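Two complexes follow with subunit A in common, the first pairing it with subunit B and the second with subunit C.
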Partner chain A sequence: MRESIVMKVHYGTALGSVVLVAVHILFRLTMDFSESLQYENVVANYQFIPYAILLELVLILLSVHGFNGLRVILLELKQGRSYEKAVTYGCLAAMAGLIAYGSKTILMTSMGMT
Partner chain B sequence: MSEAKQIAEEKSTNEPISSAKTITLRIAKFNPKHDSGAEFANFKVPYERWTTVLDAILDVKKHLDHSVAVRYSCRQASCGSCGMKINGRPRLACFTKISELNSDVITVEPMNNFPIVRDLVVNFERLFATHKKMQPFIIREDSEITSDTKEFLQTPEEHEKYIQFANCIKCGLCNSACPTMATDSSFMGPQALTQAYRYVADNRDKGKDKRLKIIDDSHGIWRCHFAGSCSQVCPKGVDPAMGIQLLRGYLLGFRK
Partner chain C sequence: MKQNENNEGIKGMANPGRYGIERVAYWLMRITGLGLLAYFIGHVYETSSILNGKEAWNSMLELTQTTEGHIFLTLVIGMCVFHTANGIRVMLGHGGIGVGKPARPDYPYVPASQNTMHKLCIYASIGLAALAMMYGLSVLFGE
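For the complex of A and B:
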């Protein structure tokens, strides 16, 4: 993939994350902060499908942005064909792993499997 | 007040020109073939108000230590040969007066981010290679030379778009100041990227797509962090940081 496409995704995910995290924070303001962290309320949030979708999107956007950022930092630290390949595929695998793990939590909780 | 009187008054208030003033010039001495690290040699050098750092180095070379290695040519900030770190900042030695540094000790070192040949001389191979990679010439099928074509005229506005970037003298100061160059040995560098912009922005040129493809690399334009140090040190008033951002506009689709 061309670097410009990767960076467009990088900037896009950053902007998307800012918007969605802002919505997420605004949701916290609907009740007292300590109250919003209570077990029942957290589970209720996950079981509210639009909110679960929002959390899933935040997870995907931040994972893509974060792991691409990490890839960029690592590419600048050291160079070399095999190293760069390892960094790129390593970051992709870690990103996929994190999204899978986070999605499992969101899915299971929203389906009531707590 | 007449002009002559004004000049006379100005002269009388100025300090008398004297070569009694001296500075300590610290020159980094390093030969990668023999030495394990750089050592500084100190020299007391007399100077006048107009003495440049290059003059002082050449004075040392002439009278005190013939072995000091320094590259220079035009002595008027046109050739870009005498780039070095002067008191920690990349500058042209011929374009830096001792009096403007306001220091009794002047330390000269080779530029960062370049392999050292000896003492103050660095290897420009990579700089020239990346510059060449940008195809720094007008690309188009027709020519001004053939009889049936016309001169490629430009409006002042079209000229304005790239002219400051055409002032680059390839001295390497921008690459020396660039923080990305310090860690990423494959980064193209501000000099080359600015030259890419210089030709992409030139409306006579038809090689835009080719050049954009070259810079759209994992060690290309996207690795610039916009620190802006390249623009701060350019002795010719070129703004490489801006050139790079404008060039990004083409790749992000903001510019056509």
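For the complex of A and C:
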């Protein structure tokens, strides 16, 4: 993929994350902060499907943005054909791993499998 | 100057003393980005404890709901706000907004690409992060 397109994806995921993370934080402020983190309240949040979808979107957007950011930083430090390939595929694998791990939590909790 | 004197590597790239607030913003952006990525991975792992039931969730919560945990979370808030505000500035700059008109580089060679507006935005990002951290402290410790 062309680097100019990657940067557009980077900026798009950044703007999307800002909006969705703001909603995610506002959910914690709908009641007293420590009360909102009680087990029953958190499970109820996950079982509210629109919120579960929001969490999944936040997970995907932040993973793409975060690991692409890491890739950019690592490519600034050192260049070279094999190094660049290793960094790109390493970041892609880490991104996919984190999305899979986080999705498992969201899916199982929203389906009541806790 | 010999070539090896000019080859400072990472130290030269990160040196904030040479190019003013723009270089400070450059490395703050990267440090906050790495910090936020580390926090995000930790947060995904931390919240996965909900799958192991109420006791596992409460014991994980006990680890984070401490004074040190709240201070750490306040730092995360600051990093998040700076990274967001400065990121929007960078995006606008890449789009050509607020960078000024190109001009002939006359003495004393003040760069036209980084004008006062962008420098003010960097200071504003730092200020916003400080305000958000103060609000975060009041929410976290005002329970």
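Following the convention adopted for this analysis, the second predicted complex is superposed on the first by the 114 of 114 C-alpha atoms of A that agree within 3 Å, B and C clash if a C-alpha of one lies under 4 Å from a C-alpha of the other, contacts with A are read in each partner's own complex, and residues count from 1 in each chain.
Basically, a residue touches a chain if its C-beta (ideal position, glycine included) is under 8 Å from a C-beta of that chain, and two chains touch if they have at least 3 such contacts.
All values reported here derive from a predicted model rather than from experimental measurement.
Colleague: Just subunit B (first), just subunit C (second), both, or neither: which does A:109 touch?
Modeller: second
Colleague: By the touch definition at the top of the document, which applies to A:2: first (subunit B), second (subunit C), both, or neither?
Modeller: Once the two structures are laid over each other on A, A:2 reaches subunit B alone.
Colleague: Return first, second, both or neither, reflecting whether A:76 touches subunit B, subunit C, both chains, or no partner chain.
Modeller: It touches subunit B and subunit C both.
Colleague: After the superposition on A, what does A:84 contact: first (subunit B), second (subunit C), both or neither?
Modeller: In the superposition, A:84 touches subunit B alone.
Colleague: After superposition on the shared chain, which partner residues are touched by A:36: those of subunit B (first), subunit C (second), both, or neither?
Modeller: In the superposed model, A:36 contacts neither subunit B nor subunit C.
Colleague: I want to verify the contact counts: of subunit B and subunit C, which reaches more residues of subunit A?
Modeller: C
Colleague: Following superposition on chain A, which residues of subunit A contact subunit B and also contact subunit C?
Modeller: Common to the two interfaces on subunit A: residues 7, 11, 76-77.
Colleague: If we count contacts the way the header does, which residues on subunit B are in touch with subunit A in the complex?
Modeller: 180, 183-187, 216-220, 222-223, 251-252
Colleague: Which subunit A residues qualify as touching subunit B in the complex?
Modeller: Result: residues 2-4, 6-8, 11, 72, 75-77, 79, 84 of subunit A touch subunit B.
Colleague: Can you list the residues on subunit C that touch subunit A in the complex?
Modeller: Residues in contact with subunit A: 10, 13, 30, 33-34, 36-37, 40-41, 44-45, 47-48, 50-54, 57-58, 61, 65, 80, 84, 87, 91, 94, 139-140, 143.
Colleague: Using the touch definition up top, name the residues of subunit A that touch subunit C in the complex.
Modeller: 7, 11, 14, 18, 21, 29, 32-34, 37, 39, 42-43, 46, 59, 62-63, 66-67, 69-70, 73, 76-77, 98, 101-102, 104-105, 108-109, 113-114
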